[in-house]
Structures are given as structure tokens and as C-alpha cells.
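One structure is given below, encoded as C-alpha cells.
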């Protein structure tokens, strides 16, 4: 497992580069590396914007014959009260595009989002190796 | 040189597949093959829509040390009086997106469009092999 | 040459699998059939699987958006599945986007979006 | 870590070459500098060369559109050059497009759009 503290702008870059490198070593295609890095970029930026600090954890996962990369983005920020709303294209409480969460789900194979409002947000995704 | 008569819908498909095959044989990348096929699809459709019939010609070209594929889409239709306007994103006299001509220019390396209004339109593009 | 795009049914979802090269007329035909199948079967979602498609140009993406829009009016959802990187590049260069149309990388993800698959 | 994106000048065109990984702050810095350079040099066009960029996410593409929009207000044009197929795929899946922003595959094509290169 590799973990990366997310506190500021620059950490977003560090996290996505770390993940891309790991994905490359594990034999993910260039395209998959880019999709993983982009997904992490979106989630890590949200941590900086909405929760001030958090973590990105990268682990390898096996399920049956499948092998993949699992990424957990977690924070102890305000969390999200209405997950369905936050997962809607274009919904943003910031001044941004509101495509980060719904878009990230489309970049990955499995996606899970859980929040205890007031206690934080945890987004988990898996990208399987084809 | 390969030439393909464009009269109807189905010819658009034939032309783009012919070009893709040729590009593949000449060693163009998958991405370049797709860009060439897409450019031809746009130009051939315009022939069917706006000029009823025309031709797509595919030739190999050499310039200096460079080697490429040249595509000429020509017709004897009404032509275009204001080329600059037709090359503007979003401009269409049909009920379509108006991205075919300006978009095609972005897909290729060299792009030339010439028209004698009332006498027809000729669009020429080159895709160089990197 | 008029091969129809096959439409399969899996539970509440219709899956249209677009073959390598599809003419504009075949796209229009797909639109009409997919829409009437949604109405006739009461399907809650449709997947248009485009990974084998040779070209996604301005007409093609416009058609996909139109189909998704028409299906939405019938209360069902559409996911475009399997857009290839080189198709995406043409789309971006042409100035196109899937805008409000839902996309997914593969069939599993598409089905999950429509609420069938297993969640993590 | 705050490496500035280099901005070169070639005739009437400014060329900003974005390196592999650029933080949000570095993007904002590029926006400010490119805009002031356009104003100060009276350049008629700007090229933002993104082919080495590692990720083009929702913030990044929004920034590119914003930069192009701001430069347009100063009467100059912007071309985004070198979008890679895998970046384009992320963009399409995220629901993004370059919309009204001009794009080109490579520097030559970008320069030609801005009216410098040789035409066919």
C-alpha cells in the first residue's frame, strides 16, 4: 500500500503521479494510467477544496482471477449530505464544473462513495487490469 | 491513386474504410487512421448533402523527406461563396452542427479548400507520417 | 447495404451493439428502432455499445445525443459505452462532447450506471 | 515546488509549453502571465502546448477555456495544441469539451491556424 497525504495543491500532482507510476509498473496501459491519474486528480482536488486535508491510498487488489488497483480518497471534512445530488453532472457548491465526482465514476471500473455528514467523505474506486 | 465515387450514404462508409485500410497498409498509427477516416467521413457526407455527388481520391505524397497521404474531396455542386464563413465553428446551412469543415482542418496536417461558386468545391488535405 | 444494428435485451436494459461501420441511414434506423423498443418493452435503460464503431464524427455523435434525448423523454436512460481513445480525440478536435449524455468505459460499468450491476 | 511554465515568443505568437505535471496554482500563474504577455507584446495569438501534460481534468480544461476566453477579450487568439488520445478520452468521459476553443494536433498546425505557416 502506498499512501499520500493531501494538504495542498502540489499534493494533488504528487498523488496522481505516484498512482500513474504504480499503475505503469503493474502493467496498466497508457490509457488506463491516464484515466487513473485523472480520477485521482479530481478526488484529491476535492479534498483540498472541500475538506482541507485527507489521504489518497493506493493498494493492489485481487478478486477471483482479476487483479486491479484500488484507490481510497478519504478526509475528515464536512462530508456530503446528499450523495445523489453531488453525483449529478453539473452540481457544484464551489464555483466549478461539478463534473469531478460523476465524471470520476465514469473513468473507473468500480466506484463507491460514503459519507457521514460532518465527519468526512470516503471515495473508493477500482480499476481492473483487462 | 484510389478513387471512390460518392453518391449516397453508403459511399461515405466505403470511402472512409478504404482510406483507413490504405493508411493502415502505409503504417499510419491507429490514431492517425481514425483521424483520416473521420475527416473523410465529414467531407464525403458534405458531398452527399450539399452537392449530391462527387469523388474522394486518395494518393500517396512525398515532399522532401516526408511521406504522407493526400485526400481530395471534390464535387460539381453549388460550391461555397463565403469560405471563411463556412470554416467558422457552428456555421451550417443544413440543420447540423457546422463542425465538419472547421473540425476536419483540425484533424489533419494540411488543409486547403477551394470553390468556384456554382461550379463546385474541392477540399484537399494531407496527413504526414510522423 | 443495410445491415441493422442488433438490439438485445437484458432484464430492464436494451443493448444496441453498433458494428464497425454504420451509415447515416443505419444510424437513423437504430434511433427509430431503439426508441420504439424502449416504448414497447418498457425498458428503463438503453446501452449503445460503440467500441467497434470505426468513426464517431459530427453526425454520429449528434445522433447518439439525439437518441439519448429521445429516450430520456420516454423516461428511460441511455449510456454510451466503449468510446475508444482515438474516437475521443476526433471528438475533442471536432469540438464535440457527449455533454449531458452518460458514458461508460465498458458494458459492466454501463449496466451498473443503469442500476443492474453489483456495487463495490 | 513552483516551476513556471515557460512562454516563448515566435513572431506574433506566444507559445506556452506545459510540462508533465502542473499544479492548479501553476495553471493560474500561467493564465496571469500569458495574458499579461499578450497585452505587453501585442501578440496576435497564443499556443498552449499540452502534449507533455500528465492529466487534463475538469479544472485543467476549465482553465484552458478560461485562458482562451480572456485572451480573446484582448483581441488575440488561442490554440490548444497536442491533446493526447488518452487525455481526450478522459475529457469525453468527464463530459468536457474544448467547445469554442481552437485546437490543433501539432505545433505546425497550430501556427498555421494563427496564420503563420505555409498553406498547402
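As written, the chain order gives the labels A, B, C and D, with residue 1 at the start of each chain.
Quick note on the criterion: a contact is a pair of C-beta atoms (placed from the backbone, for glycine too) under 8 Å apart; a residue touches a chain by one contact, two chains touch by 3 or more.
For clarity, every value in this text was computed on a predicted model and none was experimentally measured.
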Notebook entry, point to check: Out of curiosity, which chains are bumping into both chain B and chain D?
Noted result: C
Next item on the list: Sort out for me whether B-C or A-C is joined by the greater number of C-beta contact pairs.
Entry: B-C
Notebook entry, point to check: Using the average of all C-alpha atoms in each chain as its centre, how far is it in Å between chain C and chain D?
Noted result: 32
Next item on the list: Could you please state the distance in Å, as a whole number, between where the Cα atoms of chain B are centred and where those of chain C are centred?
Entry: 26
Check: At what distance in angstrom does the C-alpha mean of chain B lie from that of chain A?
Finding: 41
Checklist line | Numbers and ranges of chain B residues touching at least 2 other chains | finding: 31, 35, 89, 106-107
Check: By residue number and range, which residues of chain D touch two or more other chains?
Finding: 84-86, 89, 93, 95-96, 100, 103, 105
Next item on the list: Draw the chains as points, connect those that touch, then say whether the picture is a line, ring, star, complete or other.
Entry: other
Next item on the list: Using the contact rule from the top, write out all pairs of chains that touch.
Entry: A-C, A-D, B-C, B-D, C-D
Next item on the list: Quick one: which bits of chain A touch chain C in the complex? Just the residue numbers, please.
Entry: 31, 35, 89, 105-112, 124-126
Next item on the list: Would you pull the chain C residues touching chain D in the complex into a rising list?
Entry: 83-86, 88-89, 91-93, 95-100, 103, 105
Note to self: Using the touch definition from the top, list the residues of chain C that touch chain A in their complex.
What the structure shows: 85, 100, 102-106, 108-109, 112-113, 119-120
Item checked: chain B partner contacts - residues on chain C that touch it in the complex -> 1, 21-25, 54-59, 62, 84-87, 89-90, 93-96
Note to self: Under the stated contact criterion, what part of chain A meets chain D in this complex?
What the structure shows: 9-10, 12-13, 16-17, 20, 30-31, 33-35, 37-38, 41-42, 45, 89, 96-97, 99-100, 102-104, 106-107
